[in-house]
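Listed next: structures, encoded as structure tokens.
Both complexes below contain chain A, partnered by chain B and then by chain C.
Our next item is the complex of A and B:
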């Protein structure tokens, strides 16, 4: 425990040092040092060690300050510390000598660690708010651009609406104190619902995900990586804490429904994005959905007395948290390299980057296969556990969840083969892409480390399952490790077979095609091909995009040439989030108009305001008196 | 000992039989069209010839261009190991193996599509987009169809629910089995680029799906692609035959299986001869119909 506090101190102190000494070096070193300090402690907790809570003898209004590290916290702290250090190293190369973002990055990491350690509502909310503000500062790093400021604004508003819900939930749960230890006694469905909404905003639960694509596209790549990999997961952490506070709630059906909707809607919005980072952000929404499906299955199994299914669901869902964190971090860091090299986030301006940055391209291909949950990489093992659990559940609703998950899987494959194919393969689509070059070692190195992790993850899954067992126990499910191992074994053998067979077949066929001639791509008889004739990102997604429900489609305004002779034509595609476009913006506009009618309340005169205070106090007294009179 | 011999027999069938299905289909189509048709073993000759040829490779391409056919072949072989060939289960059976089957074929598709985009050709991009799009529509049909059977039998492994317990499903829940068989037939036609979804013999690149994706693969690479595609067809045909012919145990089961495969190939040939290819924009409706059939099969089992 003391090591975690030391890590916390190092993170904040190094941020201050970086600001005072105006060098990012201290911040980067601080992030690395914090990881070294606290990671062993976190692993020790998952291995079964117990640390006493640290109680600070400092009376705050609603109880004492209490910090602790239990398995649930440790489980989320591990990706935070490990990926935080990786992203910090990348950030040092990415933003070179900027000290403010490096300091903010450490504040963000420290705040997230504090969220995990907090054992009472006050510290939790303060840390939560600090986390939001620090990430806001990082998201609006490029604040000269108006769309970045807009993204920051959306993020800030959404986060605070979420915080309002969390605060209300805590006030309902707490009685005289806001200590987590007392929360379990006051669990009500209303509090649970509020917590689901509040934490759902951070976790990217559909339809509360609207801030996510904006913020992830606007932020520097290593910040997007950390946000997608860890910050989103803290929403899930909050949900899991709430589950332990309010066990008597239909968690299984709620999480399964939210998860299925998130997986399908997330990937349906991801595959037609033009901006590579927006596509990755929407895929995070999908994966948060998959995690929720796993956790929901776990809760369903626990509630229906099916411990084997509960074990598979929880193990799959929690393992997916780790897998997705690693893979999405890898993808964002690799995408950051592409954006750096090609000078744009627009897929339509990329192309042919694979030949220009071969190492980074391999990482991106690996990440694409992994995030689509295809064997033999990362997310396959965790999704596999969820599948097996759902199949063993064998009730009709669960079977439809299987179909939803499989459909989302096919769409994810389309989404990421599109990103890879359009960005890396073919001919360059712009001058900048043609002149792109491989970024330096500082930008490729972290991605290589993460790629190695993504390769190792499925084979390390049995170990990870053992680490998950205490977390599941804390959530009230007895994890049968042997049963999970049995379910996991085919996935591991399959992964091994795919690696072995794939490499052997690749080498064999490459030998056979050694006798070769080079000739241009067959142009079907056309003799003057140009890179602009290639299939574009938009045309690749067009077929499936047209099949989406209208509510999820991009808004296309087309005025094709209508007359006999060519006339000016126009095509505008609005790829803003359809929920923002169709629901939130009109709703908020209407609210703003209604509230503007209350402007007359603000007279700007001091004595009027004093009158308001007097009226409020009198009203309050009247209400209290009446209530007490009623009670007696 | 018997087990080993059976396993070896299955491996031999998996490796040797698939191109024969293509030969049968071609022969049936030729006969219906009034021609003599190529020899039944023509696909083997084609593959052997292609493997001996030189390669012509576009300078635009990268290692993915070679990886596409390689991984597609390996994935198809793994998929073939998961389906219950002949009698007595698959070479490798485990709980949820049909999901693994779908994901392995998904991996093959991922790399085939990437290899197509690797050439930078607009036509191949078009085929790749269509292949990936139709896969998103065929996936729920495939999974729901097999889930319906799994739900009826209460087991979640292909070898178990397409095994001895299947007969009781046909007597108990025949309606939903018919629906599933119909849905899986549509998936077979779509996944293996047969008419009415795709025309493997067309000569217009604009109307192709699978063939246009491999336009630039020639020589040995095309041979590998052809062989992989044949194995994939064999996998789907096996699933359909095992579902439709619930006979188990002994030589009769083997006979029924091999006869079923022949009938399936002939049926595909007949379908290809008597139907026209759908307009590309009508294919999604065709696949959604299959999804609905299979979804209905799941719902029908609510009792």
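Our next item is the complex of A and C:
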């Protein structure tokens, strides 16, 4: 526990040091040191060690500050610390010599650690708010661009609406103090619903996800990586905490429904994005959905007395938290390298980058395979567990969830074929892409580390399942490790087989290729090909895009040429999030109009403002007097 | 508890009404200074045994509220060359009437407060006068135009809070009491400086004119 506090101190102190000394170096070193300090403690807790809470007495109404590290916290602290250090190293190379973002990054990491350690509502909310503000500062790093400012604004508003819900939930749960220890006694469905909404905003639950693509696209890549990998997961952490406070709530159906919706909508929207980072962000929405499906299945199994299914669901869902964290971090870092090299996030401007940045391209392909849950890599093992659990459950609603998950999986594969194919293969679609070059070691190195982790993850899955057991116990489900191992075995064998087959095939193909002489691709007799003759990102997505429900499609306004001879034609595509476009913007516009009628309150006169205060105080006094007079 | 206690409180209330009814700045500041002196005496009068703490608080209160701050305000008044607060937002007679009604209402309100138990029984007038004084301060703040009169309003508001602390001087620590007085002094000091600067920049200290920054 003392190590965690030390890590916390190092993170905040190094942020301050970086600001005072105006160098990012201390912040980066601080992030690495914090990971070294606290990671062993977190692993020890998952291995069964028990640390006493640190208690600091505080002023009267608040009772005490209590910080603790239980398995649930430790489980989320591990990706936070490990990926925080990796992203900090990447950020040092990505934003050279900028000390403010480096300091903010450490504040963000420290705040997230504090969220995990907090054992009472006050500290939790303060840390949560600090986390939001630090990430807001990082999201709006590029604030010269109006769309970045807009993204930051959307993020800030969404987060604060979420915090309002969390605060209300905590106030309903707590009585005299907001200590987590007291929360379990007051669990009500209303509080649970509020917590689901509040944490759902952070976790990217559909339809509360609208801030997510905006913020991830606007932020520097290592920040998007950390947000996608850890910040989103803290929303899920909050949900899991709430589960332990309010066990008597239909968590299974709620989480399964939210998860299915998230997985389907997330990947459907990811599919036709033009901005590579927006596509990755929507894929995060999808994966948050998959995690929720796993957890929902676990809760359903626990509630219906099916411990085997509960074990599979929880193990799959929690394992997916780790897998997705590593893989999405890898993808964002690799995409950051592409964006850095090609000078744009627009897929339509990329192309041919595979030949120009071969190492980075390999990382992106590896990440794409992993995130689509294809056999040899990380997410495959966790999704496998969820599938096995759902199929064992074998009731009609669960089979619908299987269908949703399968559809989402297929679309994820297509989505990443598109991202990889359009960005890496073919010919460059712009000057900048043609001149792209492989970024330096600082940008590739962290991605290589993560890729190695992603390769190792499925084989470490049995170990991870043992680490998950105490977390599951905390959520009220007894995790049968042997049963999960049994379910996991085919996935591991399959992964091993794919690796073996893949390596053999690679060696065989290389021998054949070595013998052949390289020649230009046959151009079908066409003599003047141009990069514009390739599939574009939009045309690749077109077929599936048409199959989507109308509500999820991008809004296309087209005026194609009508006459025999060329005439002016027009095509406009509105790629804003459909929920923003159809629901939030009209609603907020109407609210803004309604509230603008209250403008006259703002007179700008000092006297009037003092008068408002006086009127409020006098009214309060009058009400108290009248009420007491009435009572007596 | 001295038999002078209640008469002193009444004089504070009368001074409130005087401030509300006066238009010349000199007399408004003078009234607030008198009120400060009365507060210092009240501190002594409220206690049977005159301890070191009580004496110190009383002396500091008289020194600050009765001498130092009025001097600062007189100086500011001379610097900005204003004699009277013309055309307040609410006329003098109506604000007097509101002040009188407010004083009456404070008496009614003070009876419903649960804290009354912790006061000495013979301090029955303390809470009503405290509320009435705070209300007067707010009224001056709201209705007067000149920045100096508003500072006086703030001063009177603080006096009201000071009165509330009278009955509790043994319960609250000496440090808190001194801290409040120090805050007050610094605030008035800063306001005096700002008034001067505002006048130098904008040629007026009419707070009603300071609305160009509104949205």
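In the analysis below, the second predicted complex is superposed on the first by the 590 of 632 C-alpha atoms of A that agree within 3 Å, B and C clash if a C-alpha of one lies under 4 Å from a C-alpha of the other, contacts with A are read in each partner's own complex, and residues count from 1 in each chain.
Convention: a residue touches a chain if its C-beta (ideal position, glycine included) is under 8 Å from a C-beta of that chain, and two chains touch if they have at least 3 such contacts.
Keep in mind the model is a prediction, meaning the values are calculated, not measured.
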{"item": "Touched partner set for A:498, first chain B, second chain C, both or neither", "value": "first"}
{"item": "Which superposed partner A:184 touches (first chain B, second chain C, both, neither)", "value": "neither"}
{"item": "In the superposition, chain B vs chain C on chain A residues touched", "value": "B"}
{"item": "Touched partner set for A:531, first chain B, second chain C, both or neither", "value": "first"}
{"item": "Contacts of A:403 with chain B and chain C, given as first, second, both or neither", "value": "first"}
{"item": "Partner chain in contact with A:354 - chain B first, chain C second, else both or neither", "value": "first"}
{"item": "Residues of chain A at both interfaces, chain B in one complex, chain C in the other", "value": "none"}
{"item": "Chain C residues touching chain A - in the complex, by the definition given at the top", "value": "89, 105, 108-109, 112, 131, 135, 138-139, 141-143, 145, 150, 207-208, 210-215"}
{"item": "Footprint of chain A on chain B - complex, ascending", "value": "51, 54-62, 64, 66-67, 69-71, 73-75, 77-78, 92, 94-97, 99-100, 102-104, 106-107, 109-110, 113-114, 116-126, 128-130, 132-133, 135-137, 139-140, 142-144, 147, 150-151, 154, 156, 205, 215-216, 219-221, 224, 284, 295, 298-299, 301-302"}
{"item": "Residues on chain A engaged by chain B in the complex (per definition of touch)", "value": "351-352, 354-355, 358, 361, 365, 368-369, 372-375, 380, 384, 387-388, 391-392, 394, 396, 399-400, 402-403, 406-407, 409-411, 413-414, 416-418, 420-422, 425-427, 487, 489-491, 494, 497-498, 501-502, 504-506, 508-510, 512-513, 515-524, 529, 531, 533-535, 539-544, 547"}
{"item": "Of all residues in chain A, those that touch chain C in their complex", "value": "599, 602-607, 610-611, 613-614, 617-618, 621-622, 624-625, 628-629"}
